[in-house]
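Each of the two complexes below includes subunit A, the first together with subunit B, the second together with subunit C.
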Partner chain A sequence: MTFLLTKTPKRVFFCMVFLALLGPGIGAAETDAELLKQADALVSYPGTDFYAEYTLVLDKPGQGRTTTVAAVFRRDSRETYVIIILEPLATKGQGYLKQRNTLWFYDPQSRRFNSTSSQDRFQNTNARNSDFTRSNLAGDYKIISGEDAVLGRFQCRLLTLEAVHDDVTYPRMKIWISDDGLVRKSEDYSLSGQLLRTSAIPDYYQIGDKYIPKRILFVDALRGAMIDGKFVNEKTQITINNPSFEGIPNSVFSKTFLESVNQ
Partner chain B sequence: MRRVLTGLLFLVLLWVAVAGLNAQASATDLLESDLDSLFDEPEDGREDLSEGDQKTSAGRMDESSDSDQTAPVSLIKKEGMTFTASYSFSAGYSPGWSESPWFWNSESPDFTQLVAAKMKSSLSLNFQISPSFRVFQSLSFSFPGYDSDLFSGFDLSMGDFFCDYTLQDSVYFRIGKHNVNWGISRNYPYTNLPVRIPLGSSGGDAYAVKTDIPLGVGGFQLLVLARTGFFEDIQSPRAEEAAYGLKYNLALPLADTDIGLFYHKDMRLRAMFSVKTTLWEKWEAYGEGLVSLDQDSLDDPVFAGGIGFFNDFLDGKLTVNGEYFFNGERYTNYLQTEDGIFEEDVVPFIYGHNVALNLIGRPFKGSFRLFARWLHNFSEGSGQIVPGFSLRPFENMSLNVAFPLALGGRNGTYYSKNADQLNRPFSAVIALTFSGSYKTGDGPSK
Partner chain C sequence: MFYRFFNLVILALRYLYRNRRRYLFLLAALSFGFGVVTVITSLKDGMDHSVYRAAQSHYAGDIVVAGYDNDSKTQFRTTEAELILEAVSAARLDPSLIVRRTMLGGKGILYFNGTPVRQKYILGVDWENEKEYLQGLPYTKEGFIFPEEPGGIIISLTSSREMGARLGDRVILEVETRTGQKNTGSFTVMGVVRDSGIFGTFKSYIALDELNRLMSFGPGDCSSVGIFLKETGNLEEKTRRLQEELEKRVPMGPLVSDRDELARESKEKWDGIRHFIVTIPVYLSEVAELLTALEVIAYFLYAMMLLIILVSVSVTYRLILHERLLELGTMRVLGFFESDLRQVLILELFFLCVVSLFVGFAAARLAAWGISFMSFSYIPSFEIFMSEGRLKALFLFRTTLVNVAAVMGVLLPVVWFPAFRTSRGSLPEMLSGGNL
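Let's look at the complex of A and B:
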């Protein structure tokens, strides 16, 4: 009995210490998961349609800059979007139509549709086709670790993510979520851990309880050129203008609409 | 001639009017910054109103201001005009023989040398008159021109001339002179039923009323199509002389499917289907089929069908298209429209088993291309192979060299009827072309 009396408090003590050590970890993991869901929710619009004009400026070191302007129509409730290229004239009228995991590309020159990959570069910039769809980080990735971090003026939670399936563009990511729940920065990695791209979203629009990135900067870690003996990365800035949550006709999310714009 | 000059002057004036339009300036401020330093800067205050939520560090837009905006669809179909001028000046030399090399021992072939020079311009205007109404018109001018194979100096012809009208963002009409294309195959367009023409007909320009009704991602298409060659008396066309078509597109994530029906009183009733999908992320695979019936008895079914693929290999340095096509129909033609490579021509479909293989190689950086096209009909034992190369040594200049060679016996279709101007079974083509186009304006592009 004495043995039991002496052993039991020890066991209880160790259990309490163990739980005390583990407890915050479990709590943080739950908090991080919630944070990731919140980050998705703030920039997803399942209850409404979304439209905006995206201006993409690609800066190729040593080759100058090229500008692409695109009209983006999104209907998150059906996981679909339509993108129409408005500028430059050479590619004006090219269009993209996302239908679940399938992405149709329409070329007005050949007047044909071809399926393309969400993981491909958008108009040869540093943006990917998947950058235009709704955010689903919580569904596509699992959290490997989380820690507090400072990003300029933002107090952030830095999460390391790993993809749970192969349909994502990047198998590994690090994302910085500021204390208002918005993704501010991400680093995209290959499966082997090679840094592929860094993204920054310094500011957002807010319309009601919805948030829209205002400017996004992509820095390609692999593409660039040697300028004066130094590797200069290729960059793309996206500026989003005229965002709107007005209803969009169903026919916009059809191949006929893409053909009608500039056939 | 005065009309022509007036028309050209009108186009030039319109071009001058829109030439001063500038593209919208683009935001590039982040490109100048170091990525991490972006977060040290104060928030962009443009949308950060006084009641802006500092906690969220985000600008706030007034929701009510959106109500003044034009509907999103109207924003991309805003009124405007685009002017496009395309020019092409070609000079070519083509030696050729009246027999393929393996017949040279039995007969001495005729050797001919063709020289060609061609100049062509196309001026087009594309007006978005309102978000729901658009008009496109083009005018082509070429030299030399031929009228019924007789040299006539130059040709002035109308290209596409049509209007698009969108009814309540639900029904899309296209009315006027334009081509309609169905099907997938670029080698054997047997499911492209609108380009079919009756035996003995020259076809002619297509005038069509096309109605598209979206349904999901795909939708229905209703077609009324007439060609100048369909009418006995072009001055008084009759409804029964036109062709009628119906097509339904079912676009699913796994496959893009078309089924269609096409009727003309002088042709068999034809129904087609096509399916296209992407396999293993890179292989674009397609299958097509056709059944034709006697239109009076709705009997005597004849079938045609095939499968094909596209894929890029060697990191995009080699593009391959292969196709098998079985044609159960005999004595059928289609109208090949001029597309910059081929002249407009009536082309036969050959009965039996056909294969096609197209290769495009890009061994070096730059514009140099090696290509080869092989078409073969095993039932007839006739084929055609066209190896060659092309390059653009300087801007707006291209050089094309090809060696078309007919395979098989002299009675084969490819031996007697091919893309060569004189239907020579063996020739070489060297063509130098200066070409380019200029496009300006803020309206739609074609």
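Let's look at the complex of A and C:
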């Protein structure tokens, strides 16, 4: 620094300008990364178990609506979850068990477990099996860019993300994080940049320092139908009821539990 | 001697014509029997052929070298296509065509106007190399535009109907990359194929390079190298030779003899890519039981039909001979030798048989043509035996020859013994119209 001050005052000036320009950028990148981590942390529950009843209403344009009700048991500390279908009658008793990287699907009619992919559609809705696991955006994606954006009544930070490994369903994403650190909207893109799905989370429950989405709306960008000459997207709305952070017995996170539910 | 035999032939033909009313039922019975036998065997041959052809065109070759990528979620990938081609050349297989294909099974979805149709197979093909094959596909009457530029897709009629997409429409293809991520591409429909067989109902073709790009394969990568042979005989020996050459060049799995063995071997864990040689009989071993059951049913019906021919000819012929006893006795009185009489009787039936075979064969072709318009969709999994949605009969020369020999073989003893007995009968008995 002495060298700069004494020998070349011009250099000092340029360095100061450079730092002035770069400074806010570095700061923003750090803030965005922290924001992303915070968004993950607010909807992850590593210290407790989580239970809620999910009602999924699939709206297929021109074909009406179908409702699926599922009980979701989550234990983020072990990256596991169990989902049991409660309605409709035709699929009642079907279940999912996630154990680390393996996702099992149980069919009570055949009484068999088959491994399935977390990238597959959940019960033919616009939700993916991976949507029920804890959020790990900061670990799965790197931030390409960030900018301020307004989303309805929310002042948001819009982040463009790119996957850092191949284990995620969507290689590219855009997410809108509101001032309170909660994800309000996301757009999922294919590797070639085609919009595949838009998700919106307008409301959250707050229980202590934890947040749980009240409603999630998934809009499929590719599925839908032409109604009166206009393209209407297929949608799925998830409503989450009766959330609880009470302890869940270990036996729930097992294949035996899924089998016993149907007996 | 020849002149005598020639006269006997003429005489037999004249007698056959004069007794045509008597022989009419026998002609009908023989024609019907041979017709049914021919229909059974030609349908069986047609089904075998349809299954083999469907598998051969789907897997692209009589011998296929497939790369099993243990790190990839899509499984089929090889980065050693050039070395495989080198091995094929060294194995002296005398191929008529070698094709490289990339295949995505069950993970591709086509979208048009929001309607998704999951594809059982997305095939990446080299348009130029497989031009002849692609042009020969059974397209709808709208035809097929050969894709001069990238971005073309050939879809099945079922997919086209479900999506409502037609020739020239833009569809979106969603696939999974080799590591399981979503990727999409936009394609123009260049052809709609009328293929409702086991492999073709939900199958689409796009350019090899484009599927490679969508699936994050390298530019020279593919799922398999298929070898069409000029001569498919001695397949095991050719496969063994190719295996030896491949083992010198690329990581290989063992030779497998059926689909179960292939499934067992491919479930083993290894690093990177291992290659397996799969022949069409190996691919078809899954339907081997079905084919065997089909053969058992066909041969049972075949035997039953021969039995019916045997009984009906035997009874009818004896009746005809009984009716003609007086006439035959008179011939003997006029100086016919027993052997000449016997030969006339046998020749009569021989010519009747020849006429019956022609009539039966013509009737069989007509019946097979009629059957090809029938729907068998109510029989589960029956579409594997069909070609372009139809049950097609195949009239092989060898099979027809066997059928003719079988009918003649049944007929000869049935005719010979009554003819022999009649020609040697006592004259008073014959002239009085007595029993045979």
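In this section, the second predicted complex is superposed on the first by the 255 of 263 C-alpha atoms of A that agree within 3 Å, B and C clash if a C-alpha of one lies under 4 Å from a C-alpha of the other, contacts with A are read in each partner's own complex, and residues count from 1 in each chain.
Keep in mind that, in the parts below, a residue touches a chain if its C-beta (ideal position, glycine included) is under 8 Å from a C-beta of that chain, and two chains touch if they have at least 3 such contacts.
Just so it is clear, the structure is predicted and the values come from calculations on it, not from any experiment.
On the shared subunit subunit A, the superposed partners subunit B and subunit C overlap sterically.
Using the contact criterion defined above for the overlaid structures, shared-chain residue A:S145 touches neither subunit B nor subunit C, since it reaches no partner.
Looking at the superposed arrangement, the partner reaching more residues of subunit A, out of subunit B and subunit C, is B. Of the two partner chains, subunit B is the only one touched by A:F154; subunit C is not. By the document's definition of touching, of the two partners only subunit B reaches A:Q206; subunit C does not. Applying the stated contact rule after C-alpha superposition, one finds that A:F231 touches subunit C and leaves subunit B untouched. Once chain A of one complex is fitted onto chain A of the other, the partner contacts of A:G93 are limited to subunit B, with no touch recorded for subunit C. In the superposition on chain A, A:Q63 makes contact with neither subunit B nor subunit C. Of the two partner chains, both subunit B and subunit C are touched by A:S117. Note on the chain A alignment: of 79-87, 295-303, 367-375 or 385-393, the part of subunit C that runs into subunit B is 295-303.
Residues common to the contacts of subunit A with subunit B and with subunit C across the two structures: 117. Across the interface of their complex, subunit A is touched by residues 23-24, 26-31, 33, 35-44, 47, 52-53, 55-61, 63, 66, 69, 71-73, 75-77, 82, 164, 166, 169-170, 172, 174, 181, 212-219, 249, 251-254, 256, 276-278, 281, 284, 439-440, 444-446 of subunit B.
Looking at the complex, you find that subunit C touches subunit A at residues 111, 113-116, 172, 174, 176-177, 179-185, 214, 216.
Of all the residues in subunit A, the ones that touch subunit C in their complex are 61, 117, 119, 163, 166-171, 188, 190-192, 194, 196, 222-226, 231-234. Against subunit B, in their complex, subunit A makes its touches with residues 51, 53, 55, 57, 59, 65, 67, 69, 71, 73, 84, 86-90, 92-93, 97, 99-102, 104, 108, 111, 113-115, 117, 151-154, 178-182, 184-185, 198, 200, 202-208, 211, 214-215, 217, 219, 235, 237, 239, 242-246, 248-257, 259-263.
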